[in-house]
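Chain lettering (A, B, C and D) follows the sequence in which the chains are written, and residue indices restart at 1 in each chain.
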Amino acid sequence: MNPRVKTVQVMPERSLELLSQQEVDLLRRRGEGGQHEILRRCALAVLNVGSRTDDTRAILEQYADFDVGILQQDRGIKLELTNPPADAFVDGQMIRGIREQLFAVLRDVVYIDSEVTGHFDLDSIDGTTNAVFHVLRNADVLRLQSEPNVAVCWGGHAINRREYEYTKDVGYQLGLRAMDVCTGCGSGAMKGPMKGATIAHAKQRVRDGRYIGISEPGIIAAESPNPIVNELVIMPDMEKRLEAFVRVAHALVIFPGGVGTAEELLFLLGIMMKPENAGMPLPLILTGPESSADYFRSIDRFVTETLGEEARRLYRIELGDPAAVARLVSEAMLEVREFRHSHKDAFYFNWRLQIDRDFQVPFEATHENMSALQLHREQNPHDLAVHLRRAFSGMVAGNVKEDGIRAIENHGPFELQGDRQVVEQLDQLLGGFVAQRRMRLSTETYEPCYRLLR
Amino acid sequence: MNPRVKTVQVMPERSLELLSQQEVDLLRRRGEGGQHEILRRCALAVLNVGSRTDDTRAILEQYADFDVGILQQDRGIKLELTNPPADAFVDGQMIRGIREQLFAVLRDVVYIDSEVTGHFDLDSIDGTTNAVFHVLRNADVLRLQSEPNVAVCWGGHAINRREYEYTKDVGYQLGLRAMDVCTGCGSGAMKGPMKGATIAHAKQRVRDGRYIGISEPGIIAAESPNPIVNELVIMPDMEKRLEAFVRVAHALVIFPGGVGTAEELLFLLGIMMKPENAGMPLPLILTGPESSADYFRSIDRFVTETLGEEARRLYRIELGDPAAVARLVSEAMLEVREFRHSHKDAFYFNWRLQIDRDFQVPFEATHENMSALQLHREQNPHDLAVHLRRAFSGMVAGNVKEDGIRAIENHGPFELQGDRQVVEQLDQLLGGFVAQRRMRLSTETYEPCYRLLR
Amino acid sequence: MNPRVKTVQVMPERSLELLSQQEVDLLRRRGEGGQHEILRRCALAVLNVGSRTDDTRAILEQYADFDVGILQQDRGIKLELTNPPADAFVDGQMIRGIREQLFAVLRDVVYIDSEVTGHFDLDSIDGTTNAVFHVLRNADVLRLQSEPNVAVCWGGHAINRREYEYTKDVGYQLGLRAMDVCTGCGSGAMKGPMKGATIAHAKQRVRDGRYIGISEPGIIAAESPNPIVNELVIMPDMEKRLEAFVRVAHALVIFPGGVGTAEELLFLLGIMMKPENAGMPLPLILTGPESSADYFRSIDRFVTETLGEEARRLYRIELGDPAAVARLVSEAMLEVREFRHSHKDAFYFNWRLQIDRDFQVPFEATHENMSALQLHREQNPHDLAVHLRRAFSGMVAGNVKEDGIRAIENHGPFELQGDRQVVEQLDQLLGGFVAQRRMRLSTETYEPCYRLLR
Amino acid sequence: MNPRVKTVQVMPERSLELLSQQEVDLLRRRGEGGQHEILRRCALAVLNVGSRTDDTRAILEQYADFDVGILQQDRGIKLELTNPPADAFVDGQMIRGIREQLFAVLRDVVYIDSEVTGHFDLDSIDGTTNAVFHVLRNADVLRLQSEPNVAVCWGGHAINRREYEYTKDVGYQLGLRAMDVCTGCGSGAMKGPMKGATIAHAKQRVRDGRYIGISEPGIIAAESPNPIVNELVIMPDMEKRLEAFVRVAHALVIFPGGVGTAEELLFLLGIMMKPENAGMPLPLILTGPESSADYFRSIDRFVTETLGEEARRLYRIELGDPAAVARLVSEAMLEVREFRHSHKDAFYFNWRLQIDRDFQVPFEATHENMSALQLHREQNPHDLAVHLRRAFSGMVAGNVKEDGIRAIENHGPFELQGDRQVVEQLDQLLGGFVAQRRMRLSTETYEPCYRLLR
């Protein structure tokens, strides 16, 4: 069993320092009621920094005796942690970055429950976008800034050593150019760019570098935030998380990854292919070490064969040259700046980007929903992107999310059907992911959570 | 006619810089709808810094062509001011402190309308106190602080030169002792202490001195905030304003004043006489120059004759010695510190103080309500304090508030009745206020807004 | 006798916090040796904030028992004050601004003694100017700044109430326009602008307003610095003080004053009349309330009759309109900015200004030197300005400096001779100063320290 | 040939921004005169961040066409670099940390030449120590701090991968405990701890982490500073560099290294063995990965066999446990704090430490001096430490310093003689260094620069 600290009480940071008595009541009630389990999981994810697994269910079992309680005090609240992982502490003191993240989790879980659900029309596009904005602003992620400089980095948590070092190099080169980094805040390609940027920011004397991590309750346990993340925000679900990414991004970099990364790519391509978004600069660079060339070739082929040549024009593949990638990002920022400026758009949130309702509706990874996906080319590419995105999203759930793992255990792999061309492409792509061990962190043989029917 | 600037657009400051599209819509709608007139008046009060009158109706007539509009922009909002007073500008640029106050007004008016009304149970003591807390926190007035140091200064806007200089001297001595100053943010005794403290803070190199002004829509036009006020908050009504004062105060100083000051004194004494508050240190010092000795003698007598000797023990009168006053405040802070510390109470908000519902219920100054006041000693002193507070509150309205002035014009002076002793005391006290020109700023003969019946 | 505090030890601030053992030795030795008396006087001046006299000798006699010692500690030094004036303390604590000034005095006295004397060629123009630069930089008065905004304000310490209020109003208007204020740091016209600017800076939220005071050991006791002064620097002598003023100034404002102010005006006019300085913008505005119109008429006439019409073009007289004065200064800053920018000159020190050696050589106010002055028009105006400046300088000494007062006592008034026109002009000007009580603060009849011979 | 940028002009940072005309002259003259070559070498070292060699002569040959010039400007100076290494630039912009270091070099080279040489009695112990203090203070390395937290890390530049990773881990653990890191600012064990601390400081939200690098002109080219170093100081020579280390250190950590590290260890042991320093806490921990156990055994044996058992008590060897090392350092800080506090010693400079003149006198590595060293046990251990330190110092020169390399080329290896026991110990130790490739970075066979005679 992992080492644990028995019980510890933690004082809040920042926005939770000044609470009214009503808020203290509310927090305590929520923390004990329906939100308690979500809070417990997210808190565990944040504390579980030494984790080397991505199996949410295993983690929850391992830390079954972990709990988090909210203590009411005259002047506010404290968190009481029972059996927290020892790695979150240094000589008995919680690492400050982790303490901040812990209260970021509490802040967001309660905010979503009390100020988002029921307060925004989440069945409408605008209501959803406004909700995304409010969660981000409440987390203090939206900042008036003089220059666009947020590079969102996507990529897998299960990548090889060479790829990981490469993500550090790209982060380093981005940091040398004063870029801030935003990722999904887990390990692998989500952590490497932040480490690299931290070192580069130190060399460039950038003292207020931002390392933004955007997560959601279902995935956070599998993608435990690195304590470098100094702006953590928990979105209500995967779709709002993805919307948050694309609305705060000034440029995007995609590293090698598995089904999660494929989901992200499809989400973005689907949106950018929408005619209303044509002409809006949103640079997208796919990159990895030279040794990952095959991987990108297969991604590129998959996109072309399913969404068409047009989709291919929305990104650029650049291999083995971190400085070149950073230069591309840096140059693209000038375009973004010019575009936003001329349209009087804010730098901190891309209101202008049109996102279809199909990409906002939360997709539940059930066997029924998965087998109902329309994976054929007899529809326009944008709609195919919608369904492919959902297919990958379901596979993420089947691989690492608690509900998904249980569904697979009970009912066997998800079944996906479609036309021959699409299914063949999927088969090749997923086969590659399996062969390259991109599906899971574990060293055991990967047991696919899906079955392709033609 | 006073000089005016024709039309000017002003960019927001601070909390209104990052708005969602929903909020922009809301602001615009509120600003055009029911809240527009409140917003217009408060904005005018803030801009009207050169004002030398306290006649709200006259001010509103003089600036009948002033208006404020909310312009929607892609990135947020702007305020558009039509015919604003020229004194708010220096060479065409709005004074920064006034700009901050302008958006403080917008912030509070909208917050009260959208987040307070209907969100708190304003019919309960706790709901009201929580509402007061939330308005203050939203205005960023509540701060974690290592030492209690907020001296609330009350006193009249219509005071003589010697008294005004004395309030500056007290503010100076408080500032030398690193006290922050909180007032009702008008002229006279509300402005003097801030000016004095500003100079003292400069000498003591206190760079983050706080000059807190707490107002409410009905009184603000008559008590136009001084631009030194760097934390302005608009409470929903007079009673919540008074509650805000006593909950943020660590000590209180009362200078000479008229009926408004008497209202404040009665409010505080009524609360402090409540047995539940016994033993809680909340220092109260009545002070003025030696030349105002008569004034304080009459106040002292009035309190003793109406509320009894017990009430007298709750304050201390100190004349002609600003340094001694500041020393008393400074020493009292140690007690406050000790008390709050030992009870684990916050420094920034006095949750522990018990306030009766009677002091929270807004009092509307109608002829009916005024004549129904129970001004007799056949009740316990606490209840008499409640009624006397309301009597003075009504006279404030009759003197300077728009509705009150109109009511008097239409129906003649308010009639107050009570037992002989109380009415006689009132007569003497008010007669003194009139004779000493404490009722109004105007130089014309004061026409009483009240009539005492025995 | 004035109230005193017995003995107090004070810890250093800022640059004297980190000393080597050699420096501690040196400081102690200097502080006990030849520099001790200078240090004692300057320290007394700084502490003597409540002073109402300008008679250096009287002050020194009154505080004959005051002393300052330097205590050596393992980690640095402390100052030990014996019998310091009580006004420097609040409840036993020295006012922070005064503490800073106290160590500014120590810093400068020692720096001049150990790093200036003998290290710069003070017999050359360049050596002297470099010395002035080094003393200012060591005092941290030279700052890289994005905009020129230092308004040097000159004027008398003995001015009437109306004039004093006017200097506050001008300071207020300057402060509203984000100007910083630099004066000789005494009372009257040296203090008023700083008080006004402090209030205006508070309203404009200028949190780092600069109140620069430039003094020298001979004058400081008579012109005790106000604690608002947050950058105090002690120059070696009057001439270097004057050079410091004109090299840090971006604009100059002259209020009513006596012989000291006349000395300053002559110094500046003499320099600006030098052909090499033609075309360099250095705005000079003479101003006071309408009631001081006669005073300025006499100054204007004196300048015209002695230095000629040309000198008149170097300044502008503006009466009774503080906002207009501030606007002139503010507009002139744009010219200064443009000029310095186009010549790649620094904003923080006007290296380009040519100052003749005649204006740099310290003038000793002896009877011999005074009677040797060439006060006639048979020389070019620039040379006449040199001699007139010295004449006024001598009268300042005779009025308020210790040596000067003693010389007059021993040998009677200084005798000045010259041609009829110049002497007549002098007579009229000085007669006016006497009649308007601009010579001394004392209320007794002024006994002239000079005699004019024709 | 390495890539170069042709010519570039660089604006100064910090202390060199405000210069007098005399200083500009001086800088230009020194920069062109005798100090030019020193300046050129140090500047090259700072810019040469991509360097993979430690052969000073080779570096200088490779960059023979590099030059640095000082351009005089009206407002100050600029540096003009000819053919600087391209690695110092990102997209044509010099990395900010390197720019700061470049001007740190200029600052120190000129300060030493103009303010140290001839101004301090460098032939006396006190004069030397004061000079060390002044160079450090001028570089802004001495700071008033509330807690001792400077961990000086020594170790080799030529260490293996496992050792390098270990130094990063120790730095990381130190950083988690809010320690600042000070090293010799080259690669290997001088760089690893800083990288680790940077990541840990990010996690602990330590935003003002200090990474102090202390170098000297002779060694800097071989130990090119990492741009993470945010406080670089160039001491006049190796002995003052060593004194600077021990006087700013609150604790010392020694990683594996070669002759340079041995020199440092002997220097410290020699000082700590002095009876006057007994009882002063100055924790010293020797550490490395488990795989380096042999190395430390040989060091330990060498110390015991030459200086005796007593010396052994001055350090502790801790293997393979970075967290344990950091905990030891962290706990020792409390002792240091207590000791300094009780003795009223400064935290920022250890004045109390007694250093013998023998350790201050610069040792010139000539054949004559080397062969005259007294390497025998017929003296007290302290004196033997003096000679051994010099022996290692000479070998450093012979390995990587320009003069040393040339001397060896011309005259063959240095000859060292002593008694059998000492020479045998030396032989074993140095043999180990050679076998473990700790002598040089180059991959070629190491040609010893010394010969041991028995």
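We adopt the following convention: a contact is a pair of C-beta atoms (placed from the backbone, for glycine too) under 8 Å apart; a residue touches a chain by one contact, two chains touch by 3 or more.
Predicted, not measured: the structure shown is a model, and the values here were computed from it.
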{"item": "Neighbouring chains common to subunit A and subunit B, by label", "value": "none"}
{"item": "Distance from the mean Cα position of subunit C to that of subunit B, given in whole angstrom", "value": "44"}
{"item": "Rounded Å distance between subunit C and subunit D, as computed from the means of their C-alpha atoms", "value": "49"}
{"item": "Subunit B and subunit D: spacing of chain centres that average the CA atoms, whole Å", "value": "64"}
{"item": "Residue numbers of subunit C (touch at least two other chains)", "value": "none"}
{"item": "Every chain pair meeting the contact rule", "value": "A-B, A-D, B-C, C-D"}
{"item": "For the subunit C and subunit B complex, residues of the former touching the latter", "value": "90-91, 95-98, 100, 176-177, 195, 198-199, 202-205, 207-208, 211, 227-228, 230, 327, 330"}
{"item": "Subunit B residues touching subunit A - in the complex, by the definition given at the top", "value": "17-18, 20-22, 73-76, 120, 126, 129-130, 133-134, 137, 142, 144, 343-346, 348, 351"}
